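The letters A, B, C and D name the chains in turn, as written, and every chain counts its residues from 1.
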Amino acid sequence: MDTRTWTPLSRREIAARIASDIPNGWYVNLGIGVPTLVADEVPEGREVVFHAENGLLGIGPAPADADIDPWLINAGKQYVTLHPGGSYFHHADSFAMIRGGHLDLCVLGAYQVAENGDIANWATSENDTAPAVGGAMDLSVGTRRVWVAMNHLTREGEPRLVRDCTYPLTAQASVDRIYTDLAVIDVTPRGFVVAEMIAGMTLEQLQALTGATLHMPEA
Amino acid sequence: MIDKTVETVAGALSGVADGATFLLGGFGAVGQATHLIEGILETGIKDLTVVANNAGYGQVGLARLLKEGRIRKLICSYPRIVGSTVFEELYRAGRIELELVPQGTLAERMRAAGAGVPAFYTPTGVGTRLAAGKEVRHFNGRDCVLEEALSGDVALIEAWKADRWGNLTYRAAGRNFNPVCAMAARMTIAQTQHLEPLGALDPETIVTPGIFVDRVVHIEYGSPRL
Amino acid sequence: MIDKTVETVAGALSGVADGATFLLGGFGAVGQATHLIEGILETGIKDLTVVANNAGYGQVGLARLLKEGRIRKLICSYPRIVGSTVFEELYRAGRIELELVPQGTLAERMRAAGAGVPAFYTPTGVGTRLAAGKEVRHFNGRDCVLEEALSGDVALIEAWKADRWGNLTYRAAGRNFNPVCAMAARMTIAQTQHLEPLGALDPETIVTPGIFVDRVVHIEYGSPRL
Amino acid sequence: MDTRTWTPLSRREIAARIASDIPNGWYVNLGIGVPTLVADEVPEGREVVFHAENGLLGIGPAPADADIDPWLINAGKQYVTLHPGGSYFHHADSFAMIRGGHLDLCVLGAYQVAENGDIANWATSENDTAPAVGGAMDLSVGTRRVWVAMNHLTREGEPRLVRDCTYPLTAQASVDRIYTDLAVIDVTPRGFVVAEMIAGMTLEQLQALTGATLHMPEA
């Protein structure tokens, strides 16, 4: 019998929680997985401009099958549409936007985040066969803010918020905020600071599921 | 809703401050945001650093800012003004600092700033007095100098068409430094001849996507004078 | 008269040689010059170095070149193939060399080659295993790694429209790496869906000016498959 | 009484001489002065694509007054036209073409050229008031070939072809060929090699007007 006093957020609930924190007018890049879902959860009345590494700004919702343009895909290779006001550009310009600090935010998935903001999200061991990195390293160092969306624990029940990443790093000290199925946690000079927990969760319970010390916000 | 348009030049320039670094688009008279540059005069700010290919033209824009003593330093490839000797006079009198930069290096340093590249090597200038004191390094059998990114607080640029998201197109040789300045400043302000509804600009033909633009002011500025 | 058009894929690829470095445009299936890439198979050349964002898609193009053992080394950000395990098998067997490069660094290294910049500094990759052994230097409070330009002998790219001077436009996300590869190769070969008379492409909307293009082959290649 | 046995080429004749050496299909940047005249002298039937630093490829002839487009100027700030097939681009892309070796040729004016190919064409003393360099340094190091168009002597009768430049350098060892009003001279590992002299000129006479040793082509 499950004695837990809480219900973890679903993937869509995590995405909606993130979307609620994105103000009108931000330029945002979304990674694959839960981050991609954020686009559908932007609150009514806000214009958020979504960017894709492969040279798109102003990505709109997924098309109906009949409306697919085979030349219009995002970085996750899904068919998308373009919002009025959207634009196309080449890869060097696209990563100039990323590395040059022009994007307000990227939302990434991760395997691990360390209490100093280190992120590991591209390889699960030093000896990965055929490792693949894509744009993760550029996004992590380049955008003004990096928010991570991930489950609080691995499938095996190991904490993903850790003192030091054991997986290969994507970037050093770059994560600003973490949204998990259990909590919202800021990465600060003090380390992990709990901004929010789901209903029924106590700090002690959350700490037991976390691999580094959790702090409460200063009064 | 995103609306980067502002009604007036004064509104477009609100918040600019003494000591700021301005990046000015334009090549000669073409593509220079003269109304915005003259708007700086009205704000009263001074001690400015200006990055521009030329030192202005005629008696307008940058030439007026120079004449009124607002500019502390000019970073420039070709500090000549057709129809004015104001820059030469200030320079001879030691009343303005000049950093002379080869034109391609000037463009590339701003592009680097916009692209998050803090420094790069280039063969331009090696063995000349413009490379004096700069680090030299050998690549593929060739000496190159290290050049650092050049960013600005404010870019003042001129567009042909714009929309409320700040997407821009240019006209012919009016493009020049404008898209490069737009990338390299913390705040980019564009004066545009035409303001179009969102979606009217073809996404294939937008030259400066709105991500690089903060404010747009619609001014029917007419034709450049040579 | 300048006429860069060639009639056939074989003609477009004439002169390519063993050991060459190929730059391939495309991101996933979109914008990849599949007909030209498959044309390499017919030429019989081998020992190739290939620079491409992905390791191909499905059973076509780059995936076929890999399968036939023509490629010695892949320089790539995301060496995965949807619908094929050929790269993984070669890699595990030690039969292909992989240089894994962050996607933005890959694009910027080619852009640098095209722009005559032999090397640049970037914050991307600092402190990760992809920066192992690379020079690190501090700029404006931040560590950056030195990255060198990446040029190719031949670029194979896909355009939407072209003319006999080699001016190119692209379609939507088909632009991606194509304009960057075009700049960075000693010989750039484009397959184009549409061939237009000279002057039909609006000079404001040409994305790759013909100066970056050597040969154009008109192939009605249809739509990309995902 | 002028005892010279030769008539120096006019500015237009120098330009025509240069133009005759430019093959069909080259991409060429022309400096101000005599180089600009080269565009009008391209032999019938050849297509040469002219580039301007301020973001033009495919420059056509000067417009009639009635056809002037005020937005269409070249790097010398003269009104121009655009040939069908021409294109516009920004300054960073324009100098990528230059520095990246994509132009087959630039033709520049110069104050001095040294026998090792050093060029001085932007400042006449180390203490120039308000010096101006423009794109000269980028062009000199970047294009595949650098040809210089200049008079053989200064107005004061001093040689412009010299052992070492005394004026501030634009670039080191970059000039390939010099077209003067008296001769065509290649810059080679041996030094200056006379490719051609105008009618009536002898090597001895030309040598007397030149500040470094002139060689004849190897047989």
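Convention: contacts are C-beta pairs under 8 Å (C-beta built on N, C-alpha and C of every residue); 3 or more make two chains touch, one makes a residue touch a chain.
Keep in mind it's a predicted model, so treat the numbers as computed, not measured.
> Among all the other chains, which ones are in touch with both subunit A and subunit C?
Common neighbours, subunit A/subunit C: B.
> In whole angstrom, what separates the CA-based centres of subunit B and subunit D?
About 29 Å, centre to centre.
> How big is the gap, in whole Å, between where the Cα atoms of subunit A centre and where those of subunit B centre?
Computed value for the inter-centroid distance: 35 Å.
> Any idea how many Å lie between the Cα centroids of subunit A and subunit D?
56
> Can you pull out the residues of subunit A that are in contact with at least two other chains?
Each of 82, 88-89, 92, 95, 98-99, 142 in subunit A touches at least two other chains.
> Where in subunit B do residues touch two or more of the other chains?
Residues 108, 111, 115-117, 122-123, 170-172, 203-204.
> Going by the touch rule set out above, what shape does the chain contact graph take here: line, ring, star, complete or other?
Here the contact pattern is something else, fitting no line, ring, star or complete shape.
> Output every touching chain pair, sorted by label.
A-B, A-C, B-C, B-D, C-D
> Please give the residue numbers of subunit B that touch subunit A in the complex, ascending.
Per the stated touch rule, the residues are 1-2, 111, 113-117, 163-165, 167, 183, 198-199, 201, 203-204, 206, 209-212.
> List the residues on subunit A that touch subunit B in their complex, please.
Touching subunit B: residues 24-25, 27, 45, 47, 49, 51, 57-58, 82, 84-89, 92, 95-103, 142 of subunit A.
> Considering the complex alone, what residue numbers of subunit B touch subunit D?
Interface residues on subunit B, with respect to subunit D: 27-31, 53, 77-80, 82, 87-88, 91-92, 98, 100-105, 107-108, 110-111, 122-130, 170-180, 207, 223-226.
> In the complex of these two chains, what residues of subunit A are touching subunit C?
52-56, 69-75, 77, 79, 82, 88-92, 94-95, 98-99, 126, 129-138, 141-142, 168-172
> Where on subunit B does subunit C make contact in their complex?
108, 112, 115-123, 139-140, 142, 144, 148, 169-172, 202-205
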